[in-house]
Amino acid sequence: MRVRDYKVKFTHGISSYFRNIYESVSTIAVGMWITYKTAMFERKVTLQYPSHDPLEGRPKDQILFPDGNPKLPFESLLGAGQSYKGPLSPRISERYRGLLGYDEPKCISCLLCAQICPIDVITVKGVKIEGRKSKAPVTYTINYAKCMFCGLCVEVCPTDAVFFTRRFEGATFDFRSLVRDFISGELRRERLRLAAEATQKAAQKKKREDSDETGNF
Amino acid sequence: MESFINYLFHKIGFLQQVGYIPTAAVLMLFFCLLVLNFFGLVAGFLTFFERKLAGWTNSRRGPNRVGPYGLMQFVADGIKLILKEDIIPATADQIYFKFAPYLVLLGTALSFVVIPFGPRWSISDLNVGIFYLIATGSFTVVGLIMAGWASNNKWSLLGGMRSAAQIISYEIPNALAILVVVLTAGTMSIQGIIKAQSGGIHHWLLFSSPFTFLAFFIYGISSIAEINRIPFDIPEAESELVAGYNIEYSGMRFGAFFAAEFGNIYVVSAVAATCFLGGWQIPLVEDVALLDPIGLAVGGFLGRPPVLAVLLLGALPCMYLAFTALRAFIRDLRAKYHYRGSRFVRLNSEFLVLGLLFAAVALIMVLHVPLRGWLPEIYRLVFQYLLPFLSFFLKAMLIAFVVLWLRWTLPRLRVDQLMGLCWKYLIPLGFFCLIGQGVWMYLFAG
Amino acid sequence: MQILDILSKIKQRFGATDLVWIDDSGAEPYLAIPRESLRPVALFLKEDPQLFFDTLMSLSGVHQIGEPEGLEVVYHLYSIRRRHRFIVKVRLERPLAFPHFYLRVDTVSDIWPAAGWMEREVYDMFGIHFMGHKDFRRLLLPPDWEGYPLLKDYQEPATYQGISTSREEVEPEEQR
Amino acid sequence: MPLTTEEMILNMGPHHPSTHGVLRFILRTDGEVIYSCHPDVGFLHRGLEKIAEKVSYAQFMPYTDRIDYLAAMNCNLGYAITVERLAGIEVPPRAEYIRVMVAELNRIISHLISVGTFALDIGAVTPFTHALRERERVNDLFEELCGARLTYNYVRFGGVAFDLPAGFLEAVSSFLDYFEPRLAQFNRLISKNKIFKERLWQVGAISAEDALGYSLAGPNLRASGIDWDLRRDESYSVYADLDFEVPVAGTEFGQIGDCYNRYWLRIREMEQSIRILRQCVAAMPAGPFWNRSKRKLKPPPGEIYVRTEAPRGELGYYLISRGDDRPYRMKIRTGSFTAMSIVEKMSPGLMVADLVALIASLDVIAPEIDR
């Protein structure tokens, strides 16, 4: 086999010998100056997360890039671009996709979210009860363990019943606790009862109508 | 250190009753332990400092959770390493595997025998001191190869072999640079080399001739290579060999490698400071021995009660002035840099600084009273030993800082380039320096 | 070069007997060829100075179900120097008995080296054998995997080396 | 006669610091010099092509984020263009500009990761964190735009999911003002460094013939001296209206096609992306951002192969529709896949340290190989 010959430019004549030394020294010096400058003069970008909760909104002098950021004293010396001015500070944005939230009264059990979800995170069951225009949910389960925060469900929801919260701390020791049903047991049983009554009533009504019809017949 | 033991022996009557040999033995052991602790402390501090520097250069904060400014981080790391399970691979060569880290550590610890702390202050001032340092440095190679081989891991083996090739190659320019120093100083004793540089900053070897100036950089580069730091860290090149020779180590055995690495940084920095930056020589002071009568005089002067009273009274308004000035200065600084520290320190920094100053002055004042008779001696010791030690330590730390700083700037060389740098650049330059320095000395000094 | 010029050039060289030009609406037109003439056609496409198809953009397998069922190997070719593209398809029957015997295509990995891995991937997913390939193994799946996942009638095995391939469904706890 | 020793089989990966993602190389080496190298891929195979056949067109969009998670916007964009061309969906001009803008922003941060990890593989840690620091800014922008920092799922058929938030264009140009000098600083810190150059010059030089034969794409192809860019030569979206250069490796650095050329090309591409972004910011039209199509999208039967220029080269979607609401077959052809296949050819004769440089310079990322 062919072993590639490592002729690095080290060996080409006396002038390149000294040019190599010069280049090494100068580029290393430039690099060291840059790291020194970064270490000593530049602002640290660390977000000390648990002690400074981005949700809380940190104290004014702790925001990394406030509007009207004063320039550093060595700005002209260090080159431009030291201060990043922008309205977007490192905070949780308005559109942040945190853990999914659910607003039960708004939900009409249209099943759009369950259908669009590519990985079946959401399970919805709705029943028809009296006094409510649309179906009422009796099960609304979100499996946070599976959710990939793609946002398709939020996008299709016609009533904003499912939405993104800005919470992001969902760690747990048991992944079973990541599966959550948003309809309480009490409410579900109540609704199921109401639904059963409604269907009974409807059945009775139908029966009566049927019997009426037969009577008429 | 013998001189100090002699000094104590003659000064303290009790010791004379015990006898010289037991005294010397006990004191020697005590000083050795002291120096070993110093080694651990310095290595620990350097690990902390490296991480802090890494943070700074990377626009991060670095460790800041354990202790004030994260200073206790290395203690926490040490506790973690001790508590960790010590895993030994089943197929490893048990004896060598267990022994290797201690051999590496031993090599570093042995170097501390001749590392000076001040004039006449080292465990032992061997007459072949610098030669001894080069010799103990080679312990490391054996340890590293042993670790690499005994791990029974191909990556470890590659790391061990790389380190052997590298360290042995770089011993040559290293020794050549040191030879220039020995040639100039005319002695191999560490204290002798330092004494040869007395007489002001232009007598320090770094500035005394162009050849020693060049030799300093040759020494610097080759010693960085010898202690396996970036840009020469190919034996443990993370992105190539994962962790090189210490890939299979865990727990305190890994900690031993780690401590040895950082101890080595201090050793090479101390040697560089010794050989080229005048060791414990203080800048602008021609000879440290001249400080001795100053210490005696200051001690004697301060030992008089009226002087104390005047000083105390005079100090108060001065302190007030200093306080206001400091306060304004800190304000300015804070406005400039958008300083963000802990809330307590931010609000109370002036008071804290002032309080510390007061406490220090008060302590000194209070201690002065019972120690009045000893004051000349104490001040002599401070001027004779403590100031030179501080000077030496700061020089060594400055060089260590550069070593760490290089690590966070530069990429790493390839094996063949590493060898090319050694054999094509450093060794010829080393010989050039050696001969040039000889000629220089013949022309100007001899 | 226009795509029909390319076609006429190929027809000129090979005769129009077994090359089928398919120009459906809704799809790019392509040339369907029997597997025997794949290598000569590919070589011609690569080496003819006017065609000069120097890159193989993509090599894909397709399982066409329905009537008639079969597998297709699709070669998307492009010539960076001449700036034109061309699609060649090889259709393979997939009878129920001895499918391995029928699912065979000559390799083009010596003509376009990029095909080396792409053919391995097609074999991995569809079980099509490429004859003459130098290093013919599964690429993405483990060597002991059974079945070819991208076939439409592929059944996912319940376990792989004793590990279940599915996860139990978790029932939510009742909320109060 | 070269001195050789007993050959050794080294297992590099799957857990190795310089295998980007999860890769494995089986090396046969003579000490440090490699005889042969067999990449073993597939550790991140998620069966995206099979998933595509099981979910609807809209549902597959989040999965395209995962093809190349460092350039999710570009993967989104390629998929959206494929489906739009097949289904004949019109895209409003504002959406086109937004798409180009996010794609170029994503190209910048993808290249930042690429050059940063490259420096990390060569042993310099600081450039990596500096690159990540700059990348965080763009992540902030993306979070402001679509709420996610990595897997955006932002592009939709016929537009994009959200309009630009207030002040976004100013923030982008502010970022560009910030980033341009930073890039120059990055070059001074690492690109011009002598050690870095020596490590990469004349290492792993891929000839133009090899690059074409192995279907290399994107920066890797251009680094071999081939002037080819899909944005210019097979223009899609509004790239035809924008003015930019396509950097091609010249002879100014080492040998054409070597690792340094591939590295340097990415830096130059970032500069061009900045140029494109400035034009986008200036020319951003008003109007609707999303031409919403029917919820159940059913493209007509047919097949199409569309390729776009992702940061890691050509990203091709081969889509076959049978008129259902889900793709009949989806083949994803990625730049890393072909780039990885050339490692086998290029590695003999290199050293272990050079192999690391070669892999890093090809900028392969494991999920894109395995899909």
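Letters A, B, C and D name the chains as they come in the text, with residue numbers starting at 1 for each one.
Methods note: a contact is a pair of C-beta atoms (placed from the backbone, for glycine too) under 8 Å apart; a residue touches a chain by one contact, two chains touch by 3 or more.
Small disclaimer: the values here were computed from a predicted structure and weren't measured.
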item: Third chains touching both subunit D and subunit C; value: A
item: Labels of chains that are neighbours to subunit A and to subunit C; value: D
item: Chain occupying the most central position, where position means C-alpha average; value: D
item: Highest-count interface - the chain pair sharing the most C-beta contacts; value: A-D
item: Centroid comparison with subunit D (C-alpha atoms), farthest chain; value: B
item: Separation of subunit B from subunit C, taking each centre as the mean of its C-alpha atoms, in whole Å; value: 66
item: Chain centre separation (subunit A, subunit B; CA means) in Å; value: 49
item: Distance from subunit D to subunit A - Cα centre to Cα centre, in angstrom; value: 23
item: Sequence positions of subunit A contacting 2 or more other chains; value: 8, 28, 31, 34-35, 38, 45
item: Of all residues in subunit C, the ones touching two or more other chains; value: none
item: Numbers and ranges of subunit D residues touching at least 2 other chains; value: 126, 130, 133, 189-190, 193, 195, 198
item: Every chain pair meeting the contact rule; value: A-B, A-C, A-D, B-D, C-D
item: Complex contact set, residues of subunit C against subunit A; value: 170-176
item: Subunit B partner contacts - residues on subunit A that touch it in the complex; value: 6, 8, 10-11, 21, 28, 31-32, 34-36, 38-40, 42-46, 48, 61-62, 70, 72-73
item: Subunit D-touching residues of subunit A, taken from the complex the two chains share; value: 1-4, 8-9, 20, 23-24, 27-28, 30-31, 34-35, 38, 45, 79-81, 84-90, 93-97, 116-118, 148-152, 155-156, 164
item: Partner subunit A, residues of subunit D touching it in the complex; value: 2, 33, 35, 55, 58-63, 65, 126, 130, 133, 136-137, 140-141, 143-148, 151, 153, 161-162, 165, 167, 170-171, 174-175, 177-182, 184-185, 188-190, 192-195, 198, 201-202, 295, 348-350
item: Residues of subunit D that touch subunit C when the two form their complex; value: 41-42, 45, 47, 49-50, 53, 86, 210, 212-215, 226, 228, 233, 300-305, 307, 314, 316, 318, 320, 329, 331, 333, 337-338, 340-342, 345, 370
